[in-house]
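Some structures are shown below for you to check.
What follows is a pair of complexes built around chain A, which joins chain B in one and chain C in the other.
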Partner chain A sequence: MKRSELIFQSIALITLAVAFILFWNFSKGVSFVENGTLFDATVTDSYSVLQENLNRMIPILLGAILFSVAIAFYLEEYLARTSWKYQIIARQIAILASIPSLLYGILGTYFFVFKTEFGSFFTHALTFVLLVLPITIQSTQRAIRGVDISVREAAYALGAKRRHVIVHHVFPHAFSTIMAGIFIAISRTLAISALIIVVYVWTEHTPQSGDPFHIPGSVIVLLLLSLLSSVLSSFLEAKTNWS
Partner chain B sequence: MQSHKTEPIMHIHDLNVWYGKSQILKNLTFDVLPRQVTAFIGPSNSGKTTLVRCLNRLNDLNVNFRHTGKILLKGNDLYAPKLKASKIAQQIGMVFQKPIPFRKSIYENVAYSARLRGIKQSDQLGPIVEESLRKAQLWNEVYKHLRTSPDVLSNGQKQRLCIARALAGAPEILIFDEPCEQLDAAETPKLEAIVQNLKSHYTLIFVTNKRRQAARVSDVAGFLYSGELVEFGQTEQIFTNPKDKRTENYVTGRLG
Partner chain C sequence: METNNRSIETQNLSLWYGDFQALIDVSVNVPAGKITSLIGPSGCGKTTLLRCFNRVNERYGNVTTKGEIKILGKNIYDPDVSLLELRKTVGMVFQRPNPLPISVYDNILFGLRIHSPFGSLTRAKSDEIVEEALTSVFLWDDLKDKLKTRATSLQLEQQQKLCIARLLPLKPQIILMDEPCSALDAKGTLAVEELMSVLAGTYTFLIVTHNMAQARRVSSECIYMFLGELIEHRETQALFETPEHPKTADYVQMRYG
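For the complex of A and B:
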């Protein structure tokens, strides 16, 4: 590792740690608490509970995805790979993305839901965003980098401005790869959520009707959605390879 | 020849170019005359492509690019601080080695560059597309399926489509960067004929590593060798009576 890389890596780590501590203090003070519904999903008939959660999560999800696509385009198209901004932001994202999603799930549940004693929707959403963002940013970055430089050059040589090149060429070229990455991220997130609910239910509740492996209905729905998402992703991936 | 009386459209003075720490071009000085074909020949890695990419500011995309010296387009500094590279690219078109049609229909590919310069109405775009395709000698082959994807075209047709697309942007200068490199033998004469026809309306800069092609198409030629412009002058003189020993070795095939 070169010295400059070491410095960038340290800055990325330190700033992330500081951001976490700041957020930690901030989140203790936040109190727009409405009690979480996800962890009430203990009864088999809990589709409505899940429905409610999904309804609220979808705007968050869309927002997170748009944000991550924007970040990825900013990094890849507006910053030079050698600039310090690129180096630090990309490294922070890489660190966050490299943490196994199960850790996010468990730590997120532990810190944000139980320790702060406000199992609010707000904390669910934050854990979720933290889990999804780095993965989608990285996959979008890879998709953008996959667009051949010659396409960009051809457009620039005709007098296209940067925003034209992005909107008319890079984005359409990268679109299905970007979507494939996003669906993979969603799939992983849903699977982790399902797992955590199962563990929670198993530890907190005595099995009903003698079934030691009681699985709430919401978990099955989550797993099905996760499966659907990954299948969609593989289709999009195949489309990229064909076109 | 009338060339000595006409004002140069481009004036390059003492151009030095670096990518990072390595110097690619060294002290280049020459003029480009309007409505002529100026060819640059030389072995690979002699800096030909780097040179033409300075002329339309495509090198701006490379963060390691650095240059000194002046490039004047009709007396105005090409690298003036407030001048946008996209403005330059609209005046100076480029045809690349590899034909890259966009993922749009044949019509939209050509219309794209006209749209970039602000022409939006289809009754204006139609004639521009037709005229550009005719100038690129592709109209007769594609006018029946303008709305289809260019994927069905041959490599040579794709290259002519790229020429039409560059022409629809109404440039004054058109740069060809080794345009025949990926074409088969039958397509090359067609492309050379297009270049000859375009000469009456456009200023053309033609980069090639095929000596005889440069001799066929150009009026003025420059020989680049490891970043130096060894010789620059009338094509006939360069090929029949070169002043420099290295030029002589190159045009006779003993070098590169």
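For the complex of A and C:
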């Protein structure tokens, strides 16, 4: 299957799923948003939900992106693949990345939200970092490895230093792939947050308006953001072309 | 041959990739201002030897080198040797044309920019350098209106010539070529060979080739290698017509390889 086809089909599927959820929710006659932000029932309109989430997400997100890109560049460009440092870090990251994101979501909810006294920003950050970093580091590593060796050789043979090669060639080349990986990770995080909230709401709250499968508005906002993020990722992935 | 006429000299050069010995006691003298070709069957160490001369081999971990390599009389493993200066002096052209995926103009200037202090290259000076480099490789007429084009979108022949052109602003003394024509068609091969012959007086060329006809056409001296050892190094015509070593004879008379 051609890549463009694949992208089109996945976007179509996701859109269909979201449309179904939206339709289902509205058809039950439920107001668009109830149960407010994540676990806080005081915020009740969708704009505030969005704003609240973005306010929390953006600083964490920027920090996480910079951190993961830096780690990936350190691993790929500054460490030999056979060195013990590379082996240890890369293996740990691989293990973390292979754990299903649901486990992180439950861990985050249970441990960070209910069992500790940390501030909300900090708990969000910790969960987010655990969930997102391994994935973004790995996708950035793959993006860096994807830069054709001939480009590096050409630059090195002209006397370029490592920083020239990274700044002028590897980074610009790998940029869209790196961003695609980051958006995938964000999309995954948002989707898993939505799932956790649904479970939480279903188990902790008595059904409102007689609907046992009530979906809170924050979930819809999260799913929409998740969809947007995957679409962005697909576009960025498609943009990466090797000449 | 005069000693001062030699641009590359090695003494008992051995190289290992991990446990595998890729070069065994290679001692060679490459004359200045001429084209010397390195021939031999695949895996005989030609490319490895070539890559020793600008120390690009070192980028791959696990490489051990023993012996001495002198470029223009200076041992390149001396602690005071700057790798950047070495690579400026010894340019390299690769098997597959590998222009950087930036514009033609920026390709030519990339090397110079990283070796010059920031802001020291004026626009007028840059334009002049680009024109000069492209003219030397006979590309100026074709590309003068395409300077902003991405170099990777050019024809392969133009790309390979551009790869040669981008070395010239750095004023190298030696140009190493690793099968520079293997990705080109007959016309492209001819064009690159002609270019080498024109530039030969100014630069020393060391070229790895699988194409024996090409070695005969372009080079004045020829080195035959086999399983990591240097078997024979003579004038090209003599090596092909009256090889001294039976292994060379087998190879050049196509009984082997």
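Here, the second predicted complex is superposed on the first by the 191 of 243 C-alpha atoms of A that agree within 3 Å, B and C clash if a C-alpha of one lies under 4 Å from a C-alpha of the other, contacts with A are read in each partner's own complex, and residues count from 1 in each chain.
Note that contacts are C-beta pairs under 8 Å (C-beta built on N, C-alpha and C of every residue); 3 or more make two chains touch, one makes a residue touch a chain.
Everything numeric in this text was worked out from a predicted model, so none of it was measured.
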| After the chain A overlay, clash or fit between chain B and chain C? | clash
| message | For A:160 in the superposed arrangement: first (chain B), second (chain C), both or neither? | response | both
| Which partner does A:150 reach: the first (chain B), the second (chain C), both, or neither? | both
| request: Using the superposition on chain A described above, determine whether A:107 touches chain B (first), chain C (second), both, or neither. | output: neither
| remark: Check: chain A residues flagged as touching chain B and also chain C 80-82, 148, 150-151, 153-161, 164, 168-169, 173
| message | Considering only the defined contacts, which chain C positions touch chain A in the complex? | response | 54, 56, 59, 61-62, 83-85, 87-88, 91-92, 94, 96, 98-101, 110-111, 114-115, 150, 152-153, 163, 166-167, 170
| Which residues, counting only chain A, touch chain B once they are in their complex? | 80-82, 148, 150-161, 164, 168-169, 172-173
| query | What does chain A use to touch chain C in their complex? | reply | 80-82, 148, 150-151, 153-161, 164, 168-169, 173, 243
| Touching chain A in the complex: which residues of chain B? | 56, 58, 61, 63, 84-90, 93-94, 96, 98, 100, 102-103, 112-113, 116-117, 162, 165-166, 169
